[in-house]
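My questions all concern the structure below.
We just call them A, B, C, D and E in the order they show up, numbering each chain from 1.
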Amino acid sequence: MSEKKTIPAPLANEGLPPEERGLFCDAAPREYEPARGAWERFLNWARSESLWLLGFGTGCGAIELRPLMTSRFDMYRYGIQPRPTPRQSSVFVIGGYASVKTLKRIVRSYEQMMGPKFVLALGSCTINGGMYWDSYNTIKRIDQYIPVDVYIAGCMPRPEALLAGFQELKRIIKSGGGEGQNEYARNFDWYKANQKKVIKDWNMPDYNW
Amino acid sequence: MEPTIIGRIGYAFVSLFVITNYGLLLIGSMARISAKVQGRVGQPVWQPYIDIVKSSAKRNSIGHGAMFYLGPVFRLAGGVGTYMFIPAVFGSVLFRNFSDSGDLLLVMYFIFFGQLGMALGAGEGGHPYSAIGVSRGLAQMTAFEVPFALSVIAVAAQYGTLDINAIVAAQQGGFAHWTLATNPLAVIAAIVAFLGMSGHNPFSVVIAPQEIPIGPPTEYQSNLLGMLQTNRAIFNGAKLVLYMNLYFGGATNIVAMVIKTFLIYFVNVFVGQAFPRLRTDQSIRFFLGAPTLVGIASVIIAVI
Amino acid sequence: MVNPLYLFACSLAAAFLLPLVDKLGRKASLGLAYATVAAWGAAALSYLWALFPGGSPTESFGTAGFAAPLAIMLRVGPEEAAGLLAVSAVGLLSAGAMHRSLAKAPIGGAIALLMALMGMSGIILTRDLFNLFVFMEISSIATYGLIAYDDRRAALRAGFKYMMAGGIASALYLIGVIYAYRFGGQLNIDLAARSPGLYGAAGTVAAFFLLAALLIELKPFPANGWAIDVYQTVDPGLSAILSGASATALLLALWKIMPILGDAQLSVVAGSGLATFAASNLVGARQSNARRMLGYSSVAQVGLVAAVAALTRLLSLGDDRFAYMVAGGLLLNHLLAKTGLFLLSRALGEPGSQAGAQRRRERALSPIGTAIAGVLAVGLVGLPPFPGFWAKWSLIRALAGARQWWLIVVILGASLVEAFYVLRWFGRIADMRGEDGYAGPEAGIAGPALCAAALAGFGIASGLALGVGDPLLWAPFAALAALLLVDRAPGWLKSLLSIAAVAAFGRLAFDRLDGLRLFFAVMLLGGGAMYSFAAMYKRGPRRGLHPLLSAATLALGAILVADSPLGFFFAWETMTLASYLLVLRGKKGERAALGYVVFGLGGAFLLMVGLAAIPGAWSFRPTGGADGWPILLIIGGLLVKLGALGVHVWLPGAYAESDDDVSGFLSSSLSKAGVFVMIVALAAFGGVVPFQALTLRALGWIGLATALFGALYAIYQEDVKKTLAWSSMGQIGYVILALAINDQAGWTTALYLALNHFLYKSMLFLAIAGVIKRVGTRNMYEMGGLIKTMPFSFLSVLMAIIALSGVPPLSGFGGKWLLYSSLLQKGWYLEAAVAFFASAVAFLYLFRLIHTIFLGQPKPSQSTVREAPLALTIPQGFLMAVLLAASAFPRLMLDPVMGVVGDVFDPILRFEGSTLVSPLGYWDGTLSMIVTIVVFALCFFWMLANLHNPQPVKQFNIVYAAERPFKPWTTHYAWSFYAPYEKALGFLTRRRGERFWEAFGTGVDSVGGAIRRVYTGNGQTYALHVVLYVVALYLLTGAL
Amino acid sequence: MNELAKELAGRYGARGWHDIRKDLASVEVDAIRIRDVMAYLRDEAGYGHLSFMTAIDNIERGAFTLSYALRDHDARRGLIVHADVDRAEPTVDSIHLLWGQAWTYQREMREWFGIDFPGSPRVDEEFVLEGWEGPPMMRRDFDSLAYSDATYAERPGRVTHDPASHMREKLYPEAAQ
Amino acid sequence: MSVMAFIAGINPVAASGAVLVLVGLWGVLSRPNLFKIAVAFSVMETGVNLVILSVGYIRGRTAPILDSAADARSASARMTDPVPQALVLTAIVIGLAVTALMLSYAVRLRTGGGDSSIESYGEEKW
């Protein structure tokens, strides 16, 4: 349970036409204080053992999630299962290259997830652009736009690599390091500026609740 | 010995605690059984517990309005209430719950309490998929209620009572007295209806995860989702206990209850693993076809 | 008594003087003419004065002081005096209406008018066959002159046809006269009637010729095309004279010669009259030209009067008093209504001659004009309190006494058709009125107004004469009149007055209400008062609403206190009338109101026949030994009123198209009247119903089908009021089902359901009225998300739908529990299953209702709507409190119910403490309420305790497949909400009922269409019709 | 075939008839007459189906070459019509009235090459890009790498190898030296 | 009764009246011309009048005029029945009026620019 902090000023939502501003929440994201001690460790354990990932294949890497879900690699045994809506998911697997168009959806979905939330970036493209290093519409590193907890290199990485990535993520969460949500809120202006630099037709609120 | 009112409340809590844990474990074990069918190892049996803890431990949440928050409350209260109106173990004071509030009809209608509240809460979420899911769910509900109602009527006609305790009492004395043995058609109709009621395949179009992201609760998250998950355990338990009482001779002790309900649920999961999903109109037509005829036949058998 | 010869002399003198006086100015000459007509009227009044109170015998006057056979005798009896009064009154009114034209035309017009009226008076007075001919010719010739007086081309065309028919008729009559003289040896009717010569074969033929000529003059079907053309084309004033005065005179002439007619001839008169009544009404239904339509209606009414007069003699239905009462009542009704309507049709503008083309040319009437048209039209179709109503009741009762069922069928069937087209016409007039327009009354409205007033006056008098003197039965009309007087007052004042009226009625009626009636009084009168209060929610005087609402409410009360069959039926029809007008008041109520009233009347006719067929019916104590089958008619009539499946087609329209608060009144209060009568009827006759078990089971299935299909229809509606309307139908279906169970449990269920339906349907309608007022649309998909702006209405709807769907712990579950318990107890297993299905289907539309209106995406345009007005929320709050109390303590509601039912049946259900016990199960409303509340509270606190950093978000903050929504109206899932359901089960609800009735209507319509092909418009064809008619008549007379 | 070639040449000044295969040929026409040619081919010559249309940036010639692929399903033959349009002022008549689907291709070419088709429905709307503000990116004078470097943040430390030399170096280090 | 006797039994006046009535009726029904219809009605009336007269006529008696041929006392035995004759007078007058009106209608219809055939005045129908 976190204490209530001072509430940040509402967002301007300048990307929206005035008549639409009333339709979207304009609250800014806040940092949420973690609980303390053993209780937080227990909760972190629970979070790490119940990783619900957003079933949103943002790129070609999403193809690797299928063998992972099914009998060959069976991620369920690690408490990982897909959820169809960001509201209920806690892990966002960025499935490889992200074009500007996709990035917009990634940001929106990420912001719609409830915290604590974790991002697992899959494939070289998310790290440094990979084979799309000179593309006119593919971003080269995802961590400029949303906080990333674990990268998995490769083009494609094998499902085993993904499993290893999940194990690493679990370790990070258990150690209390999975604070991407708070990082995002803390550096919100920076992230937002980066996002707006590449997403030219910003027609959504500044934070998608 | 008639317990005091305080005692009854205490018993009710114990009973509720038992059914909650049992329901959660049941869900966990069924998920594992499904995994085995698919050639997987499957999640741990206690995974539902972790999920609920995780959901409840989310650090923030969003709300669309008062009714949105009340939806899960209605849902959980509906589940708990339904259970409270059913005697879980025959002859046991501990598991008698508050079944003296009303008979079978009360239970059958109280099932709607949670569904209605949930539908309203989901509606206030403002998400069209919620409404689509509710629309499908209600439409399907009207259909599977027909064989269920027929089979309940057959039971009531057969035993001449609507009192659940009396129905269970009438089935005591061995397998031959169970409704399963005396009126198997009623049981068939009821079990088919149960498939629809529990929303497993082939009647899972309500939540259709890939199409309308899990339907009604699509906007629910955090502890609201946790409540829904808890309810799923309790509500399932309540329905299973009801079925056990009506068709499988009830239970005179907790072990019998566990075995019987496990088997009833197992049938359900078994079918779910074997069939693909039907469209809403297909499932409506299905329920109003053969199962309804079987139900009518069961009523005729009961009357004769 | 004044010797009528002086009057003839007076008329003739005036006619001769008119050209001279005209030199003094048209005013003087017309004044003289009017004065002469008035003198006839005054003389007629003096005759009546002399005849009636003292009962002085009929007086005869011979010409030149001789007596028959040496002189022509003029007789003044009651019917003659009344006829003279009618002729002169109609003459004066018409002359008033024609005044402007008369002033412009040559003076010959006035002379012709004078002579026509004198001729008609002569027809009435004379007892001499040949003299009758002379007077007939005088009036005909004068009428021919009058037709042409204001130089209408169309009238000339029609007049020529009229002359041709008239010429043939007069030739026939002359031949008849001469042979009657030859064989009877007398020209005086009274003497001839005693002469044996007239009863031989040849004498019969002579009488036949006389009869044929008179009948032709009475415009029988199909030999009446000429007359209808005349009605259509001439000055409306003249149409009034022809339709009113001339028909009266000729009917009296027919009445006069009846003594010389044999049974076969009387049968022919009756048959021809009935055929005319039926056929003309069928053809009339096809008309869109108002005057032609009125012409058909005139012809039909005259046919009916002739038939009744003949039947009275033929079947010995009653003495002369009966004939005066029924035939006279019908004639009076026709005379006044038709005169008024013809005169009023002038105010509607000149229609073109071709049907259909004139509709646009009709002008809207002022409110007063509309009201008068309403009185006249309603009077014409025989609704209370007008003379036609009483006459029809007496007639049907007598016919039922004589067991003439086919005649009843024909008369009532044709009456229904007539009601259909007359009210369709009135509905169109009413629909043209401006919303609260304060246009002054039209010129020349005085005549129709006088007719309307006379109609009302005679109606009241007839009612009193038939022994309906209970002031409470007349209270609806008193309230209607009183509130109409203050119709311009502000709405709140009228609301308070209405409530006061209801309260006063309740106080006066209280002593006469036993348990059952008291129970229904709460719903009917209390509901009426509540809706009167709610009527304040719209500003402005809402003209016409309060008078009608309070009249309807009091009529419902009158149904409860009526203690005779006629009193009851009077109250019942009063309710039909008031509620019809209420529906018609709705913005687009024209069509719906028409359907409502036609089905309402149809049901009422069934009810009437049923009541008439059971002697001493309304004592409603179980009677032994009576014929059972009329009870089926009563049940059938009530089923129509209750909107049972098959005869429900009026229901959705009526409930949906009336004003929003009126809909609530209709659905929650008014429909209970049918339930009440059903209960009373079943209580009295449940034991003597033929095939009791089968009938009740069938009734149960009808109720069940109503419940199921009402619900099925409701789920596909986009219009919120249509949804509620179908829902009402379904809920009433449950009540019918429960009543059919026919034991203590079933009736307890029925009453409990009825009361509950009253509660939650009132809440729904009131809440929806507020919503519609605020958002300005009835389409649910155009609403959405109103929970934020109208939370109270949401709460009200929420509680109502929980109650309606029967979800515990609210009181609706009690109804479900009772229903299934009693069904299973009775052994109606399949019924229970279907009922369960129906109640599950009800969930669908209820959720749709609340979701699409209050949940989902709000429309930006509706983001600033306010909560419903206090006039609506206060009653809702009250109802909510009642609902909650009744839910927590079911005994509050069930004890009185079971008390009422306990008088009739042995107990099946009983209370043990707070537990209701049936032979099958038990239900403890209080305990289940407590458990639910505790569990809910615990869950609620659990939710609150676990809530982490909740962030309230806005409507577009939804997960939208990684996209964002753009339009609230496309993001709101509302349109065609149950598309899959329709795909699966839509075939069940393809409006078969509507299609059946449409086909039925089309069939009737095409019969009318086929019949009217007879009227080719060619004068020679018409003449041929006349000839063929006579031939057919002759053959028929011979055959009989 | 040759009849059609002659006909086209005579009527519309078409040139460069080239039989690619037995059932496929190509021909060049002036862009200004493209709509007439297409109408003729559709209505008179039997080429009822527009399979696709695309453009090629022939920067050397200073022209975009539009290619319309037509198909005559009855005679089982195809025809590709080429038309050069001035690169400096690329405007071509729209043929969406001849083939309804053409407006989609034209919208695509409008976005990617900047070729205008006046009157074509929704031709100025975004096609695959969202909020694109740069020059039409399929023009050969558009420098994708420069644009990418200027727009998207880069992770330092990235090394790029020529795959051929890199693999040679890895597999045959001695030969590489 | 032989045919001859039947024929002899027919009152020739009444028979000719009947014939005239039928002729008139035929004219009314079959001649579309307005004026001819009026004439046909006249014929019909004449026939009716003859029929009336035939009823009053008694073979071998004098006209019902009190003069030398018949005095007041023997009148009822020697005179024909005067009543039908009186009636006929009235009927003739009335017939005259009707004929006059009919003709005036026909004239007004014609002068209004209409046809003289009745078939063209069928605008009001159905």
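Please note the rule applied: a contact is a pair of C-beta atoms (placed from the backbone, for glycine too) under 8 Å apart; a residue touches a chain by one contact, two chains touch by 3 or more.
Because the structure is a prediction, the values reported are computed rather than measured.
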Path length in steps (a step moves to a chain that is touched) from chain A to chain E: 2
Those chains which touch chain E and also touch chain B: C
Touching groups left behind when chain C is ignored (all other chains fixed): A, B, D | E
Remotest chain, chain A as reference, centres from CA atoms: E
Per-chain Cα centre nearest the global Cα centre, belonging to chain: C
Distance-maximising chain from chain D - centres being C-alpha averages: E
Which two chains share the largest set of C-beta contact pairs: B-C
Gap in Å, rounded to a whole number, between the CA centres of chain C and chain B: 53
Computed distance of Cα centres, chain D from chain A, in Å: 39
Inter-chain centre distance, chain B versus chain D - centres from mean C-alpha coordinates, in Å: 61
Shared interface positions of chain C, touching two or more other chains: 948-949, 951-953, 955, 957, 959
Multi-partner residues of chain B (at least 2 other chains): 58-62, 213, 218-219, 222
Residues within chain D bordering two or more other chains: none
All chain pairs that touch each other: A-B, A-C, A-D, B-C, C-E
Touching residues (chain side chain A, partner chain C) in the complex: 1-2, 4, 19-20, 22-25, 27, 30, 32, 56, 85-87, 105-106, 108-109, 112, 203-204, 208-209
Chain A contact footprint on chain D (complex, rising order): 129-134, 137, 142, 144-145, 147-148, 151-155, 158, 160
Sites on chain A touched by chain D in the complex: 100-101, 104, 127-129, 133-141, 144, 194, 197-202
Chain B partner contacts - residues on chain C that touch it in the complex: 785, 787-788, 791, 794, 798, 802, 805-808, 813, 816-817, 820-821, 824, 827, 829-830, 832-833, 836-837, 840-841, 843-844, 847-848, 850-851, 854-857, 915, 918, 920-924, 927-928, 931-932, 935-936, 938-940, 942-943, 946-953, 955, 957-961, 971-974, 977-978, 980-981, 983-985
Of chain A, residues touching chain B in the complex: 2, 30, 32, 34, 43, 46-47, 49-50, 52, 55, 70-71, 74, 76-77, 79, 81, 83-85, 87-88, 90, 114-116, 181, 209
